[in-house]
Each structure stands twice: as C-alpha cells, then as structure tokens.
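Think of it as A, B, C and D in the order they're written, each chain with its own count starting at 1.
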Amino acid sequence: MNPESFAAGERRVSPAYVRQGCEARRAHEHLIRLLLEQGKCPEDGWDESTLELFLHELAVMDSNNFLGNCGVGEREGRVASALVARRHYRFIHGIGRSGDISAVQPKAAGSSLLNKITNSLVLNVIKLAGVHSVASCFVVPMATGMSLTLCFLTLRHKRPKAKYIIWPRIDQKSCFKSMVTAGFEPVVIENVLEGDELRTDLKAVEAKIQELGPEHILCLHSTTACFAPRVPDRLEELAVICANYDIPHVVNNAYGLQSSKCMHLIQQGARVGRIDAFVQSLDKNFMVPVGGAIIAGFNEPFIQDISKMYPGRASASPSLDVLITLLSLGCSGYRKLLKERKEMFVYLSTQLKKLAEAHNERLLQTPHNPISLAMTLKTIDGHHDKAVTQLGSMLFTRQVSGARAVPLGNVQTVSGHTFRGFMSHADNYPCAYLNAAAAIGMKMQDVDLFIKRLDKCLNIVRKEQTRASVVSGADRNKAEDADIEEMALKLDDVLGDVGQGPAL
Amino acid sequence: MNPESFAAGERRVSPAYVRQGCEARRAHEHLIRLLLEQGKCPEDGWDESTLELFLHELAVMDSNNFLGNCGVGEREGRVASALVARRHYRFIHGIGRSGDISAVQPKAAGSSLLNKITNSLVLNVIKLAGVHSVASCFVVPMATGMSLTLCFLTLRHKRPKAKYIIWPRIDQKSCFKSMVTAGFEPVVIENVLEGDELRTDLKAVEAKIQELGPEHILCLHSTTACFAPRVPDRLEELAVICANYDIPHVVNNAYGLQSSKCMHLIQQGARVGRIDAFVQSLDKNFMVPVGGAIIAGFNEPFIQDISKMYPGRASASPSLDVLITLLSLGCSGYRKLLKERKEMFVYLSTQLKKLAEAHNERLLQTPHNPISLAMTLKTIDGHHDKAVTQLGSMLFTRQVSGARAVPLGNVQTVSGHTFRGFMSHADNYPCAYLNAAAAIGMKMQDVDLFIKRLDKCLNIVRKEQTRASVVSGADRNKAEDADIEEMALKLDDVLGDVGQGPAL
Amino acid sequence: MNPESFAAGERRVSPAYVRQGCEARRAHEHLIRLLLEQGKCPEDGWDESTLELFLHELAVMDSNNFLGNCGVGEREGRVASALVARRHYRFIHGIGRSGDISAVQPKAAGSSLLNKITNSLVLNVIKLAGVHSVASCFVVPMATGMSLTLCFLTLRHKRPKAKYIIWPRIDQKSCFKSMVTAGFEPVVIENVLEGDELRTDLKAVEAKIQELGPEHILCLHSTTACFAPRVPDRLEELAVICANYDIPHVVNNAYGLQSSKCMHLIQQGARVGRIDAFVQSLDKNFMVPVGGAIIAGFNEPFIQDISKMYPGRASASPSLDVLITLLSLGCSGYRKLLKERKEMFVYLSTQLKKLAEAHNERLLQTPHNPISLAMTLKTIDGHHDKAVTQLGSMLFTRQVSGARAVPLGNVQTVSGHTFRGFMSHADNYPCAYLNAAAAIGMKMQDVDLFIKRLDKCLNIVRKEQTRASVVSGADRNKAEDADIEEMALKLDDVLGDVGQGPAL
Amino acid sequence: MNPESFAAGERRVSPAYVRQGCEARRAHEHLIRLLLEQGKCPEDGWDESTLELFLHELAVMDSNNFLGNCGVGEREGRVASALVARRHYRFIHGIGRSGDISAVQPKAAGSSLLNKITNSLVLNVIKLAGVHSVASCFVVPMATGMSLTLCFLTLRHKRPKAKYIIWPRIDQKSCFKSMVTAGFEPVVIENVLEGDELRTDLKAVEAKIQELGPEHILCLHSTTACFAPRVPDRLEELAVICANYDIPHVVNNAYGLQSSKCMHLIQQGARVGRIDAFVQSLDKNFMVPVGGAIIAGFNEPFIQDISKMYPGRASASPSLDVLITLLSLGCSGYRKLLKERKEMFVYLSTQLKKLAEAHNERLLQTPHNPISLAMTLKTIDGHHDKAVTQLGSMLFTRQVSGARAVPLGNVQTVSGHTFRGFMSHADNYPCAYLNAAAAIGMKMQDVDLFIKRLDKCLNIVRKEQTRASVVSGADRNKAEDADIEEMALKLDDVLGDVGQGPAL
C-alpha cells in the first residue's frame, strides 16, 4: 500500500488506528531492509507474516507477476496449475542464466534477489558454524554427489592431464559415483585401524601421489562426516600434502556443517594447507527437503568458476527452502539446533553404551566421530549369517529409520570397483556392528524409542537363536510362525510407544 | 519494501531490473489504491497475487501482527494453531465492536478496513444487480434466517405494541422460525392459485391488517426467490399497502440478488411504496460458504440501527470470503455469472419440458418465477403413496442434489403452527411435482446429468409400479431384490456419467 | 487409497516398502477412528498430517465434493473462488439445517460429522476445565453477546409474562445490549464494595425479584470473568436464589473457561442451585479468531431448545477453527496452556505490584478475580482531568494492547440506560486505576514489555505534570513539542524492545 | 477413514448420508486406482480435491510422516519450517538413492511411488505428443543444459577414445556449455542459408565425422526447437548419418515437446536412423517452474544407464510440479494447450506480418520453424549502431518479455570459443531482426499487447532517428530529455494497455 492508499484507508476508518497499523508495518519493512542491506541471517527468526510479506514483495518483481506483462518468448514463467504457482510463492523463473547459475535474470529481478540473498545468508551461517575464513559459496539445486561431480568437472579444465582422484575410502555409493560420473578414476586409499577407529592413511596417500605423479591427479577428495567407526579424514595433514604437491583438494562435508568439529577441521585445513572447495548437503544440515547442496571455498574466483560451469538455469526451490528456514530460525534458532544436537549426541552415546553392556556388547570407541556411533553385534553375529541383516529389517519394520546393521564380509561392486567389507569402510573390520547417529533435529524421544525397540529386537533375535540352536534347524516352521506373530505385534508396539492404545 | 530496501536490492542485482520490478509493483499498488479510494468492485477481477498482497497489507495493520506488540487484555488475537491463523490470513480480531458490528476496532485497523471495504463493495454490487437506489448495507456473519430475526428485533424497539408479523406463506422453515425466534406471532396469509402459479393474496393481506390493527403489526415479511409454483410476492402492491398503513416492510430476498427480476421488484417496491430492509444470503448469491447474509435498505439510519442492535463483535470470515470472491471476479466476472445463470434457466426449462412431455407430465407454467421450475408427477403419484418421496431418494442416491420431490398431503408442524400441504406453499396444490432450480454457478453438465438421471429414475419407478400392480403386492421380495440391484448399479451410473469407467 | 491401489503401488515400487507405508497409514486412521468412536479430545495433539487427512476425508463426504454430483437446487455449495474453497478445506455447506443448528444435512455428511465431533470435543474440554456435570453444549457461530441473546429469546417462549432480566452490573456493552436486543429490560443491580473488590449485592438481587415478581423476570444474568476490581459474581448464592424463586439463570462465562476458579463457580452453582445455560467465547478461551461461542448447560433438552431456536444454517468456520485447534493441542496441550496462564497471572501480579509501589501506587487487592488485575492511578489522576486517558493512549501508541486506563467520573448511556462511573462497574469507585489481565496464551515477554513500557509512560506523564504545574499552563507549546518528540521516539522504543536496532 | 471410522460416523450422523459420502469417496479412490494401475495421464483432469487426497495418501507413506517413527540416521526427512514442509506436501526425502535417481527409497515409499508414477505419466504424454515409439524416460531435477551434460558423461564411459561432439550451430549458451562442462570439445558446424532459413549443413557434418574419425566423436548433438530464422535440424538425415557411422545421437529438444513438428522429427529420426536420447525442458513444455528436464530415449537400458549415472538423491520438486500439472490438466487439457498454441502461432504470424509490412519490414519466411518467428529490422538498423539493441530495451521496459532484437555483427566468446554474429546462429546473417515466439500458454492478449507496443516503439525509434539525422548529433540533450519523458510515460502505457486508468 502506498501513501495514497493509507490516506484513503484513514478516511474509511479512524486515522489514528490506520496510522498505528502503518507504523507497525514499518517494523516489518525494517527487518527486510536490514536483511537486504547486510545480507546476514537475522539474529532472531522472523515470524511468518514478515516472511510471507518479503517473499510476496520479491515475487511481484518477477515479470511473470507483472500485471501488464506480455510474453513472446519461449520461457515466460507461465504456470498451468494454480497449486504449483502457489507452492512456489509464484517464483517461476528459477535461478541463474544460461551459463552461470549465479547470474542475474532480466525477467526475474525478484528471483535473482532471492538467489543472491540466500547465498549471502548461507555464507554467513557457514562462518557462524565455524569456517570463519570462507570466501564464497552458492546453493546449487543438486544433492551432494552431483555437486561434487560439478567441482571435478570444473577442475578438469584446469588440469588437462589429470585422470585420477585420490580418495580415502568411505563406503557410500554416491560420493564414489560422483568421481566416476565426472569421468575420473577413483584411487581408493584404505583406512588404517587405530583402536576402534578407521582413520586416514596419510602415508599411503602421499605414496600414491608420488606413484601416479601429481599432474595426473585431478584432486584429493576427502570426507568429514561419516559413519563410525570411520572418523573424519585428517584434513589438516591432507591439506598440507595437497599444498606441497600443488594438488587441488575437495572436501565432502556432507552433513558436517552441523558439527563444530568437522567445521573446525575445514577451517584448520584451509589455514595450514590447501582446500579448494567443500561441499555440504542442504537437507542434512538445514532440515529442508532433499535436493540442494552448498559449494563453498576460500578463493572466490574458483567458486565462481564452478558456478559458471553449471550450464543453464536451475531450480530455485532448494534456495527458497533454505531461505525460508534460515529466516524462520534466525541465527539464534540455528545455534539452538546445533547445541541440542550436541546434547543428543551425548545422550545417545550414554544410552547406547548402557544398552550395549546390558547385551554383552560394547560401544565402539570413536572419539573423533562427532555424529555417528557404533555398537558391536558380536553376540548375535556368527550364529547364522543373516542374523545381523535380520536385525536391520526388524528395526526397519518397527519404524526405526536410519539405523545401519553392518555385517562382516559384504562384497559389492560399484561402477566396476569391488569393495570388500562394503559398508564398513574397510576390507576386514574386526566385528559386525550397528550404527546410530545424532543428527540435527533429533529429539530425545527418537533416542528413547530407538533404545527401547533395539532392546526388544535384540531380545527376539537372541531368543530365536537359542531356540534355533536347540532344535538345530529341525522345525523352522515354528520359527516362521513366531516371525509372523512378531510382525503382527509390531504395529501395536509402535502405537504403544507413542502413547496410543493398541491398533485393534 | 521501502525505498531503502529497493536501493539495497539494486546493489545486489542489476539496478535496471530491480527498478523494473519496482515499477511493476506500482501496478498492483495502483489497483489497491483505486479500491480504497473508490470503494467499488473493480471492473476486472484481480489476480491472486494482487489479492494476497492486499490481504497481507491489511493483516499487518492488526495488532496481533505487530512485531512489537504486547498484549495484556482478555482478547488479544492470539492464535494457538498456525493452520487456523493462515486460513484466516491472520485476521483474528473479527469485525465490529461491543455494541456495533460496523464499528471500528482500535486493535484491528486492518480488519476494520476489510469490513468497511467489503460493505462498500457489496453495496456497489447490489446496485449493479438492479437495486439502484439502495442506501446502505452490511454483511452480517449469520445466515438469512437469523439476519431476519435481527431485523425484527430492531423493529421491536420502534413498535412496542406490535405482536404480529404478516407473512404470505412460503414453505421454508427458517424464515418462519426467524419470526418465532424474534418473539412474534407469524400471521400466515395463504397464497392464491393463478393458473399454475401461487401468488400473493393482496386482499387477504389488507384485510388481516385491518383486522389486527396496524399498530399491533410489527411488519410485513414478504419473499422474493422461492420454489415454483410459488412465485415472488407482489412486492410493489405490498409496499404500497405498507406505506398506506405505515407498517414496516422486510423482504426476504434469500437468493434473489442473482435474479434481475427479483431485484427489480425490490427497486420498484421501494420506489412506489415502502421497503425498510431486504435480506439476502451471501452463499446463495455469491458462491461462498454458508454463514453470511447482507442486510440492506433505503434508509441509512435504519440500517445502522440494525447494525447497532448486534451485541458484540462477530466473525470476519463471511466478509473475507465475499471480499476475496468479488475482487477475484470483478464486476465483469459477476455479471458473466448472472448472464450464464439466465441462460441455464432457459436451458433447464427447455430440457425439463421435453423430458416431462416424454413421460406424459408437464412443466408447470410459472413465468413469474425466474429461478425455480416444477414438473408435475401425476403419473407416478397415486399408485402408492410413497412413490413421490421414493423418487426423491432415488435422485439423492444418484448424486442429484437440490431436486425436491413434493408429494401431496404432507402435514407438518413448525414451532406450533400446523401447515397442510407442507413444502407446496398451499393447503391443496392440485398435483405432486418435482422442483429444479437454475441458480448461480450452475453448469450445462449439471442440467444434462440431472435430465439423464431423472429420466432413468422415472423409468425405474414406472416399471416397478407396473410390476407391482401386476403381482398385486404378492412377491415384494423381487421388487426389493431389484432395489438392491438398482442400488448396486448406482455408483457405476454416476461414474459413467462423468466419463470414468465402471467402478469395479 | 483402497487395497487395489496399494496392490498397484506394490507392483511399481517394492512391496515391502509400500506395505510399511500402508501400515504407517493405519496409525493415522487409528487416531481418526478413536476420535469418531469416543468423541473425545485426544490426550496428545495430532500432527498436521493426520489433521489434514481427517479434514480431507470429511470434506469428500460433502456433496459439493462428489465427483459425479449434479446440483439443481438453490444452494449447492458451489464456490467461485479457489482461494475461498481452500481456506475452508472445501467445507462449504455450513452447519445445521433450517430450524436447527445442530441438525444433520443430507447434502453434507462430512460437515455434519465435523459439527457433531466438534461439539463432542468441546463438551469434553468443558469437563476437563472443571464443569464435570455439564450435560450438553454446542458451538454457535456468533460471539458471546448474540449467543446470550439467543438464550434469552429461547426463554421468552417459556416465560410469556416476563419483561425483565436481573443483571448484577458489569460495565461491558455487549452483554448489556444482549438483553436489550432480545427485547427485555435489564434491571441493573449495583455491586457492593468489599475491601477493594466489587462483589454481587445478593440482598439487592433478592429484593428486586420480590419487588418485580418472579413471573415477570425472564432470568437472572450473571457474570464470571470480568475486569478487576469487579470479581466473578457469587454464583452459588445466586443459583440458590434462582432455584428458590424458580427463575432461570444464564451465566455469561465469556473468558471464564480458561480459569478453573470460574469453572468451579459454575459447577458449584449447578450443584447447589440452578444454572440453565452458561455461555463462553471461543476466541477468548481457545485462541481462535473472533466469531464463535459455546452455549452449554446441565439439561440437554433445554440446550437443544436453544439450538432449535437458531433459524437456518450457519457458518461452520468457528467450529472448524476450534476443531483444528483442539486436535492440534490435545488435552495435554490445552492443559499446558491453562497452567501457563496461571503462572503468568502470578508473574504479572508480582511485577505489577513492584512497579506500582515504585510509583507510589498500589495493586488493588482482588483475590477473587483470577484473570484481571488493577493498579491504582492516584498519583497521576487529579492533576489534570485527562491524564488517565492520556496514559491509555500512550500505551496504545506504544503497542501495548488490552491495558485499560479507567478514569473516575465517566458517564455513558447505552441503549437508553445511563451508567455513572462507566468502565469501573460502580457509580463511584474510590480511585482511577489501570487494568491488565493474564489471559490464555500470554507470554512472559508480554508481561516484561508491558511493565517496561508502562514504567516509561508513567515517568513521562509524571514529568509533564511537574513541568505543567511549574509553568502553570503557560507555554503549552513546549509540552506539545515534547509530545511530538515523544511520538517520534515511540517506534524506536518498540523496535528496541524486541531486540531490533532503531528504525532509522 | 477405515470401515470402523465410517461405522462410528454413521452412529453420529445419519447412516444414509454417511454411506452416500462413503460411496462418493469411492469415486476419488477409483481415479487413484486407475492411475496407479495404468500409469497413464487421465483423459480428464482431476479436481483439486482428488489431487490433494492422492498427494496426502502418498505422503503418509514416507517415514518422516510415520506417527511412530524414530530416526537415528543422518538423513531423516526432518523439516525445521512448517511452511517448507507444507509447500512440499510433506515429501521431504527427494527421489532416487545413492547411485540411481530412479531407485526406490526404503524410507520413502510414497516419494518413490510419486517418482515412478510421474515418469510413467510423462512417458505417456511424450507418446501423446508424437513420439509413439519412445521406450523410457525419467524426470531429472536439472534444467536442459545440465541434463545434456549428464547424457554426455554417460556416453563417455561407452566411448573412451572420444573427445569431440559434433554440433550444428545454435546460438544459445547453455547447450554449448553443456558439452564443455562434460569435458568435450564442441565441433561447431555452421548452418547453411536456404531462403531466409538457416538449416543443417549435412555435408559438413559428414565431412567432419570423416575428418575426425567416428571413434573420436562422442556423439552428434542436434537441436529441434530454436529461434528463427534457424529451423530445427534435419533430424532424419542426421540420424541416418549417426547410424551409418555408429555414432550416438543426442537431441536437444528443449521446448520441442509442445510442437508436433519437432516431435515428428524425433519419431522419424529414430525410425530411420539413430537417436539415443532426447532431452526436453519441463518448464518450457509443461508450464511449471524452471528446474527440471526429461531425458527420454528408445532404448530402455541406455536411459537407465543415464539415470544410474546421477550420483545420489535429488529433489522431488520438479517431479511433483509436473505430476500436479498433468493430473490437473488431464490429456484433454494438455491437448487443448497444444492446440491453442498452434492457433496462437498462426495468429502471431498474421499480426506480425501485417505490422512488419506497415513498417516497411517483412516477416522472414521460416516455414520449418513451428514456434519462433522473425521480422526484419532493416529500416532502423544502420542509422546508428545501437538502434536495434535500443529497441530491445524499449520493449523490455514496456513489459514485453521474450522478444529478442538481434543486431548484426555481435561477437561473443563462450568458454573459449568465439562466435561471430552471435545470437543469429550464423556468422553473417543478411539482416538484423526481431524474434517472437508462440509458446505454450500464450494468450491472444499477449499477441495483441506485443503488437501494440512494438508498433509504438518502432514509431518512437523512427522519429528519433529522423530527428537525430536532422540535428546530426548536435543537441543530444533533447534526445535524452525525450528519452526520460518516454520512460515516464511507459508505466501509464502499460496500465492503459491492461485497462486500468493512469497510474497517477
């Protein structure tokens, strides 16, 4: 509403009240102005009404929302479904422009501003989370794996002779595939066992560099956040090696932004050695839907090179999600989530340790891993070969999600490379185990339900094993009956857990 | 966004593009300004983005949306559920103030403005619909019946001796109850049969006034829109009688706003005689959810008296609905709906006439009724007493809604008054019949499906009657089996009608 | 999705995962089933996904959402605006039927069910809140005042000779008007001063009944929640008097449902004497938008009589709001809100007491009022006559809402009745004062900001008075300049209070 | 609602009505079942209520919406902002799984089903649009350029020796960059001028293949939809060449899906020769927000290879948008859009031809281009060098979007390759020209406003040129004043065009 509208409003209702309303509006506008001027995540989260006002103001700046627009191009931001238009707050033009995902679109000043502001806020939050010297970053509407691929593709143009990527092993398919997709050959460096932990084999890394010749190596591809008993790579030492041999260094920081330890590693690596880019998931760190990542680095031109490597426009949806989320939370809200996560990690450790000991198992000692934990499954493994995976299924059907039961001896071939002991980051880890992680947004209730259900499942598996060894495979039928019965009870369990009566 | 925000935006993306966006914004603001200045329904409907911008701007003027507000009263517009807040666009304070539903609320300048603008728009549309000399109106969040009650309660204070309300009979419960609830005794004036039509018995009205004495009569309560074969009351003549005897005149114009004929009757009545208030349904005339009405009249102070009679605040929900609807449609959109309704009325008449004749029935001649039609049910009535109501049920289960099968001889007691021939507006209408109406928003598909299904149902009823008369009640079981079979086919019918394959 | 759909889904993705999803769905359905079977507010609140599933399921049962429906009536639930349809979750038919707001609609099974369930939930919550023996209640889409009117109109039919309503004075316009609108003469019983409290004059009530004759009295109209220093009426004693004289008793429990004390009074009154109906606001007690009330009582047929007195259908909007709210909160959530309110009341008392003493004022002793407090304004009153109202305005412009500055000597005429000392519930209360209330949903931040701003305002008023007395009215201009300056600082104050920097 | 819930519902309201509602529900479920069973786009579009029911049903199958779920993984679909959750209909887990974007996710049966169904519907629509023999396709949440890159990256693994991509020139940056980003060297084949049209130089293509050697060529990268006077490549002949030399063939069908001609070319190419994949934009063809593409082909395993090349999960947002859109439109709705586009193309041609002739220009004869048109700008070019680009700016500021004013002699370097005559697809096109396109969703109003504004702008440019040549550059100031004046009038123009009064 412009001054004339307010004046008209004053004539219709009391001037004093309209003026009061108008003043109150200034407070919303003030927040918006601060945001646009400073480009920083506000300390306190915005309420929905400021947020929607802001999004609405931006959206009317896009040509598809101009009242008098006429479109004679091939892409005019027309939308067939009102539901679709609304769910995107009428931002239709996406972000970027042919040839640069960070470029400004003439047809879409609002979307362009949204994109710039989001990147600015995210940069601000990366600093807050511990990487103080980050120079530049951008949100890309692809998940972590494809974003790593984009980094590798960018490096290709700088290192025409390179064929290999040095990669300390981590058993997660998409980061392996990110290298293969980019057209490079991953050189897997096995981890070394230190106590219970699997850690970077620095000597092997350096030896491999010398063997292949630095100029044939595209980059070193290291990892922070990972499942225990693997722990974050020794980033400082790796960064120094990279600096020494003049090899680029790309860090897969998938869900490490939420951990001050992971962020500290990156900050230190960049300080003492070389880190060219670090890539993190939007969804895993900011509790938004899957589909976006942040590519960040310490050298602005290089990060811009990556953004210019993205051919064409891209979805604004992940940027919009993270913008809404950060403005809603504010710095204080995000810090609170980080703090609660740390507390939950401690709580999960304690509870899982207790449970492990009650079942004659133990919690693996993995002090360098700030997010993931592992408890041995020695007692149930060995009886019959599927016991460990069966435990995984049982947890799954009991609506425990994210727990990983890792058996020994898994062999898997990914894009032509065969991994022994797949899932465990090592050819021969000493024992089968179960993973659980304390990630951002986890609640105490998650931990409690998990412990309760895991306890039940371990008891069932144990009971079955005892029975099975007694009847020595004789009447499997009964066991199966028990299985079915067990299945039937499962929903009641789940409902019972959340304080609802039985389902039937 | 204020100028500083735009300046900051220009620094982040290209100034030219931001300026273009900012200019485009002016077009939205321009529409809002025109609305606030002129208080008229825009000729062309607004698009959703202007509409939501406007609602958002209003909402931030309410104290519950002030960023710095602190509330220490008993009613602060707090909302427990975000879903609820959102569905009301954060208008929480309702409309009106203790003692006047049209009063401005200090805590809610935005809601107050919404209320004023809505009433202004609605007044504008009443004129457009044909009552050019209307002086004042307001939306009240009560349906037609209760709104009539409010009018009668207001009149009570002006006519302390009055006990009776003169009411040409119309068989619809809520308008009868509106008088009883207000504490008055309805004096029912039976209609006279002219051809097929039931029309106002003007002599009986005048005779009754003389008999009871004008000062004992609160008002005359007449009706426009009604089910055929009753037709709108002779408003002109009634208005003259009211003027002559100095009796107030309240018109129940329930769904008459959509008909230029009904509106013309009111305009003429007011011109030549006396009409104090006319009340119409929001939902029936504006295609919004049930729950609001408009009280309008030709004398502003009297309409204000009614609005001041409403004790306390009230829901803003019906006002918001009609505001959104009118701004979306614009005058042109609303006129188009009125025009299409007229065309549908002609189409329905033609189709129903054909069908009637094919079944040896006829369409009743009711030229004075512009909305509702009736077709005789002579051939199916009489065979057994429930055939007519059975036809009604059959239509209902076939998802024909709104068709009324009116049998003869219905007797019903409403609030102590016994109506013979209830539903037919007359003690002894000559024949049973079926009603169908062409109301605003009806589509050609409605008519076609109705005719098709009615045809089927009439055939089934006829076939059953033939069979029943042959077997003379002997094996009813078969008939029942047929019933069941018929029920089973019904959904397939419905799905088939709308072009979907059979359900199973 | 029906079993065939799930089977088709299993063929498209893994059967195990679809089955898991299908089982998970059962948990949502289970909650819905419990609700429908038991009609009770769930202990734990539902999450949005269950809630929306439920609303969606209900909505598809209404004929306007039938895929094959054809409508030939005058009211078919058609909606012109998609925005409007969506905000009502496609419930368009409202609640009730001509002649009974609780009746079931053939065209709208879903809306009817919504209505029944809401009333059942609300009844359940009334019990939870302390009136254990309540027999029946219903939500009516009118605010408290009009709902009281409906109760009085219903009683009229049972007491044809009655002209008067006995009403212990409470200075709130809409409850006074509720009686006048219904056509009765309110007989105002002045309160008696006991300490600081204004309490019911039981003797005067009884004397007046005897004077007028019980048969001429429609009912006694008492009040619970009110602004201090008035306190809730002596319900027990009044209920006994009503029982003795066979006079109906209607309680205005506007915002008393949130207070266990008020609810206890009603429970006790009904136990030892007579209470026919008690009426409470939806918005004030359940944090929903203005526009609904609950009419409840101990005798089911009488409550049904009231619901049958409402002529015609009505808006479902308030019912929908309270349904969403209660299902979201659950009993536990609502109890938590009640508990927090009590704590806030204690906190507000303490803080206000401190502040009062610091300013040489005192908190009035009103132990019987569980919600509202009052602090004297002796020191600022008397200097010049407008100081008290000026304080009110200053608080208003500083975005303190709900604080009432009550001067002495206000005279106001409402519907012909002149009230001396209006706003203070008494002709001559000993001093001017300021009200603040701790109502449901109040936050500690509300209290803190209020205290801070009140402190500032009192200082400003005092300073001005000092200055004014010195210059003895000489140069008023300077005072006005100060006023303006003060106004200018106000927004910065407000922004500063909420932790934002200055506005400019 | 399950049967027990319906039974409980029947006890609360009338069984007959609930049963009717329940039957009506079956009609919605029936549509859902057909969709899941057949995987085809429904002939008639669904209404919002069926659509939202479906989405809701799918969403509750994802583990983040399980009531009893406990998450102990690093990615649990938690959402911080309720706004974000809602706008994604609570689908949080994205699509795909590490290593395959089409894989099913154990944690998200609903999202997985959504993904499968969307791909199935899109395949169905590709057939409907003319490529009847398409074998497989999938939606990828990246725009066309990056999707082409993914195709090239996949081919790399099949053709280890390849370095080059043969590419008939089209002046659009992102398709050029798609090859560079994938690490290949684009070999630009200049077009040949045939009449006004720029067409594929088949001989040059074949010669280049022979020169470089087929095994060094990754693929041929051809284009359908493009700006006139370039026309779609000669796909049939190119496909035959590819088959003969055993070279893969990837078609950039950016906005060609909306044109039966482009689709026919693809169908024919695949029939007579070789097409491995064709890639099209979601937003340009389906009127959804920017950010998705469809990769389709005639050989299912190859298309699966591409989908397996995407490392990790991805955003479900583009899939959701196109699903909502197609279900809302139905086949009939989409066909209608295609038909209207063709009509608009004819209308735009006619109007632009008329205008061109009125200004002594002509419409270029480009009968092979079914979407884009070009009109010469001979008369304004040449006077001063910036006249053509100035015309472009003038149209832009007048809210004409998508018109391209193409001057002669533009030189631009993209990723190291220098293009002469950039934007015109040729080193030396004979004249400057202006492009306009009739793309899906264009309205007659777009054409009319465009013609009107273009007419005005041409007149202004001409007038200025006349004046400029007279004053021979003397007082430029006046020209600038005129510019400013002209700018000032622009918004009024725009408002005037859309039937609103002047802005001020």
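As a convention for this text, contacts are C-beta pairs under 8 Å (C-beta built on N, C-alpha and C of every residue); 3 or more make two chains touch, one makes a residue touch a chain.
Source: prediction; values computed, not measured.
For chain pairs B-D and B-C, the one joined by more C-beta pairs in contact is B-C.
Taking the CA centroid of chain B as reference, the farthest chain centroid is that of A. Inter-chain spacing, taken between the CA centroids of chain B and chain D, is 46 Å.
Centre to centre, using the average C-alpha position, chain A and chain B are separated by 54 Å. Rounded to whole angstrom units, the spacing between the C-alpha centres of chain B and chain C is 30.
Residues of chain A found to touch two or more other chains are 20, 24, 26-27, 31, 48, 63, 66-69, 82, 106, 396, 399, 494-495, 498, 500.
Contact residues on chain A toward chain B in their complex (touch as defined above): 1-2, 4-5, 8-9, 12-14, 16-18, 20-22, 24-29, 31-33, 36-37, 39, 47-50, 52-53, 56-57, 59-63, 65-69, 82, 85-86, 90, 104-106, 108-110, 112-113, 116-117, 120.
Within the complex, the chain A residues that touch chain D are 48, 51, 63, 66-81, 83-84, 87-89, 91-95, 98-99, 106-107, 141-146, 148-150, 153, 156-157, 172-178, 180-183, 225, 227, 254-255, 281, 283-284, 286-292, 309-318, 321, 324-325, 328-329, 333, 337, 348, 371-372, 396, 399-404, 414, 436-442, 445-450, 453, 494-495, 497-498, 500.
Chain contact summary for the complex, chain A toward chain C: residues 20, 23-24, 26-27, 30-31, 34, 43-44, 82, 396-397, 399, 490-491, 494-495, 498-501, 503.
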